[in-house]
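Below are two complexes that have chain A in common, paired first with chain B and then with chain C.
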Partner chain A sequence: MTLSGEFLAFMSLALVAVIGGVLLLNLTKVVHMVVALVFTFVSIAGIYVLLSAEFLAAVQILIYSGAITIIMLFGIMLTRHNDTSEPKTGRWRKLLLFLGVLGFAFAVYIGIYNLDLPAAPNDLHVNNTEQIGIELYSKFIIPFEVTSVLLLVALIGSIVLAKKDDEKEAEKE
Partner chain B sequence: MVEELLYSEAGLLNFGIFFLLATVLLLVVLGFVTYAILAERKVMGFMQLRHGPNQVGGRWGLLQTVADVLKLLLKEDTIPKLADRPLFILAPVIAFAPAFMVLATIPFTDKLQFADIGVGLLYYIAISGLTTVGIVTGAWASNNKYALLGGMRAAAQMISYEIPLVMSVLGIILLTGSLNLNEIVEAQKNGWFIIWQPIAFTVFLIASTAELNRVPFDLPEAESELVAGFHVEYSGFRWAFFMLAEYVYFFAMASLTTVLFLGGWLPLPFLDFIPGAVWFALKFTAVIFILVWFRVTFPRLRADQLMEFGWKVLLPVALANIFLTALLKEWLNIF
Partner chain C sequence: MDLETLLSYEWGIMTPEFIILGVATALSLMDLFMPKSQSRKILGWVGFAGVLAALVSLLGLIGHGPESILLDTFRLDSFAKAFKLLLLIGSAMVLLIATGYEPNEGLEEFRGEFFYLFMAALLGAMIMSSSGDLITLFVGLELLSISSYILAGMRKRNLHSNESAMKYVINGSIATAITLFGMSYVYGLTGTTNLKEMAGFLTSVYNEQHIYLLGLAFFMIVVGLSFKLAAAPFHMWAPDVYQGAPTPVTAFLSVVSKTAGFIIMIRILFSIFANAPSGDAQGLPMILALQDYVAFLAGATMIIGNLIALRQRNIKRLFAYSSIAQAGYLLVVIASMSLFMFDTLWFYLGAYLFMNLGAFAIIQHVTHKSGSEDISQFAGLYRRAPFLAIAMAIFLLSLAGIPGTAGFIGKLNIFMGALVPSEGHYVLVSIMIATTVVSYFYYFGVMVQMFFRPAGDTGKVKIPAALTAVIGISLAATILFGVAPNIAFDFLQGNFNQFTDFFQ
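And now, the complex of A and B:
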């Protein structure tokens, strides 16, 4: 492994992503966790850019860091926003967890160590937005349409749920 | 010049050059912000039959903003005792960094651009959404009810107006067939998109004013209702950062409007002996003036009117515009 600019960029992005993930698990205040999550999302988008999947990177930031995070913040602030989670684990559980983590790391190491991915030449990175669009509307048109129907159902469902609450409150009054 | 640099080999030297260029851009933007604030105050003054700043720096008050910034730097930096300290410090940074990142993709002329990204337009919209996170965290970290209310309003407003903003731009993407800002400008050689897409331009202008949190959509910092909204508890340099982010977005959004609808650096017919940079500057100034004009002319909307207007008027109009554009494109193909 040579020390190239790409390697440096990948290492720093990966480091931020992993640190964000660890902070997400270890911080006690909920809002801090969401901010840590934003850093993870953004650095994952950076890794997409390194893989020259720029469309995916932009969408990742637009949807995850922008929309979903804001919705989570909204949810947290409008409910019990001073909630903190207390760590309550016994010593045995910690030990078992540690063993489990070690086992998982070992399994992944064995799986990855001799993994040989044949580097097939592809031009997926050229005009990838256009390629995604063409694939989406030719090969994957049915899953795409089914997804849109699913989203529509969710939208109508949320409206129905919100309406019900209104009616209940009106009855109470 | 920059064009060659963008395609050159990566290395320490080029890193240095880009770092230097970015610093120069930052200084240019800071200069712009300084004089945009002054220009805004002057124009507002004239429109309200006042003089505006006219004491510091000669008859035109040319040093007024400089003095204001110096005052901000010397101010005591207060952090409320019950504030969430790390988030309080982090929030202005999260709010400002995307504002400057966004500028990288905007083509000022055909030769001066800092990053030629294939999905430039999407990049702008995606990155600018990150500022909302900064504003909401700042509002929450202040531990103040006015700040929290302002932050909530900011988040709701920015999310609801981002949708018509994107939808209005879709018409342009349909006509160009690209998300790249350079290609969008090139596609306007046969007429700027303000002529081909007048509905989209109207929707975009309204939605961008809302995204910028400017009057008539300045609910997140409505002085008369929320004291100052999300930055009540901020003072000194941290407050300056929020203000700076706002004005850098002002700069970026005016540039984006110029690029998308007014043909960027393209000249008017028969006037192409004037360089592209001058054309860009002229159009850019016109957009800035219109946004300032809005601020002086319109009264502030109510929060429920704001949401209703965004979802029930702007979004359907933008959707209808996409439909019309698709029809227009097919119709053009037939002939």
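And now, the complex of A and C:
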């Protein structure tokens, strides 16, 4: 593999993404975890740019780094924000999990280390946002509509689960 | 693509889905504008009517040839029609159970939400059953899953329910992530999400490395979907979720959701991997080469489900393990891959639907009356309510697979299907026989309670009409398909033509 600028950019972005993920799992303060998560999200957006998926990158930053992280921060601030999580698992379990992760990584690695995919004609960067729009509203209109139902369900569901109980219940307590 | 081409598709084949979607919307609006004090039970009946209407329109479509809209993002073939029939019948009966649900706490004020979330879940399952595109399949799966997570947590002040929803959402999202990862490999190798195009592309894959990656994708998809089926060793969530969720939701999860899981599993595995080469000398398709792993999954599920069920005292946990074991029997059908796989699977899922929903209707009534879910609540049921006890006994016999019931015919078909291929799956069949014998112990344990133990309280039991209807229908169907299974098989043969259009 030649050492091109793209390769360097990919390596650094991937490294940041992986480190962010690992830190997310290992940090103990919730706010720190969220910051680690932001690093992962932003570097994934960078990888999207490398793949000429600029629209996806913009959406990734808007939705994940923006909306979701902010909501998480709100959630943390409105609840017990100085919560720290204590690791409780035993050493054997950790070792087994580590071996499992290692095994899976190895299995994927042998699959991809000299993978040779036929290069497709590469005009991904031409009007790609417009193309996404056209595909989405013509070919994939059915899954698109079902997704809207899905979002509605998620909205109603979160209201159902999160709203305060009515007065009758409040009196009981 | 302009409006004309869009309108040239035959949107009429989506009528059942449109009806369900419309009813779900109407229910949410009705809930919004109804006075707060009014009971929401009426919404349940509207939903029931909607499901019946969808069922009628589906029956009207049965003679319709295979048809697809927008490059297979929606397709109506025999497979879709046959399994949608099961989904709709199951949902209609779960709705009846739900209208008969009188909770002590919790669900009352969320009754309205319960019904339209339920309809949304049903819509997801139906979309899944008639789709030839990975994107639609996945969106349908998510719609079903997310609605189920919320339904499981509806009893907000019940700690078990909270725990179950939490466990379900975490386990379910991990499973979804694994499935999606597997799907992404298949997409990456083929460059399309359309199942048919994928199959066409994969027939010409000879690169070792690509085949290896496809195998990896196969395992990830199977593992992810096994969570949905609650197949061992990915069944850990099921007992807790089944125990914690409100009883109608448990019935829904164990019947409709499980059916949907098998639907998506068959769609994906048999569309994609039936054509992919396995890379060995004889040129076997990949799915045949990896058959043994599915068989292992089936064996483990049957053994674990049945053995752990022996130790359960809580009736809902017992049924959770029983449903895990049933998933194991159904996996045997997939592992054996006989010619009649679809017929066998359809019949067993249908039989399972009736016997399990009937049993859940009775469980709901008995546990609600006493407020406890211990098996001992069934003590002396025969004295108190002979009809309930006899119906429950028949459902249990059917679940155990005793001759004369639909469950027996279903199991017999599974045996036949597993032994027909040239090298029969003798190990799998013997495991299945052994575990079936084991299952007699816990099914009969409940019957011993009902018939031979003295009753704790001797009050007469009054059953709501909706529950009586569910029990009556299930009872009739369980016995009818046990005595005359040909009705169902003739229906399949006559209308679905061996499911030949599945691969077209």
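One rule holds for everything that comes next: the second predicted complex is superposed on the first by the 147 of 173 C-alpha atoms of A that agree within 3 Å, B and C clash if a C-alpha of one lies under 4 Å from a C-alpha of the other, contacts with A are read in each partner's own complex, and residues count from 1 in each chain.
Just so we're on the same page, a contact is a pair of C-beta atoms (placed from the backbone, for glycine too) under 8 Å apart; a residue touches a chain by one contact, two chains touch by 3 or more.
Remember, it's a predicted structure, so these values are computed and weren't measured experimentally.
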Touched partner set for A:65, first chain B, second chain C, both or neither: first
Which of chain B and chain C A:5 touches, first, second, both or neither: first
Partner chain in contact with A:29 - chain B first, chain C second, else both or neither: first
Partner chain(s) touched by A:14 [first = chain B, second = chain C, both, neither]: neither
First, second, both or neither for A:47, with chain B first and chain C second: neither
Footprint overlap on chain A, where chain B in one structure and chain C in the other make contact: none
Residue ranges of chain C touching chain A (in the complex, touch as defined): 1, 6, 21, 24, 28, 69-71, 73-74, 109-110, 113, 116-117, 120, 123-124, 127, 133, 135-136, 139-140, 142-143, 146-147, 149-150, 153-154, 156-157, 165, 188-189, 191, 207, 209-210, 212-213, 216
Chain C-facing residues of chain A, complex: 107-108, 110-112, 114-117, 120, 134, 138-143, 146-147, 149-150, 152-154, 156-157, 160-161, 165-166, 169
Touching residues (chain side chain B, partner chain A) in the complex: 10, 15, 84, 86-87, 90, 94, 117-119, 122-123, 125-127, 129-130, 132-133, 136-137, 140-141, 148, 152, 155-156, 159, 162, 179
Of all residues in chain A, those that touch chain B in their complex: 5, 29, 31-32, 35, 38, 42, 54-55, 58-59, 61-62, 65-67, 69-70, 73-74, 77, 81, 127-129
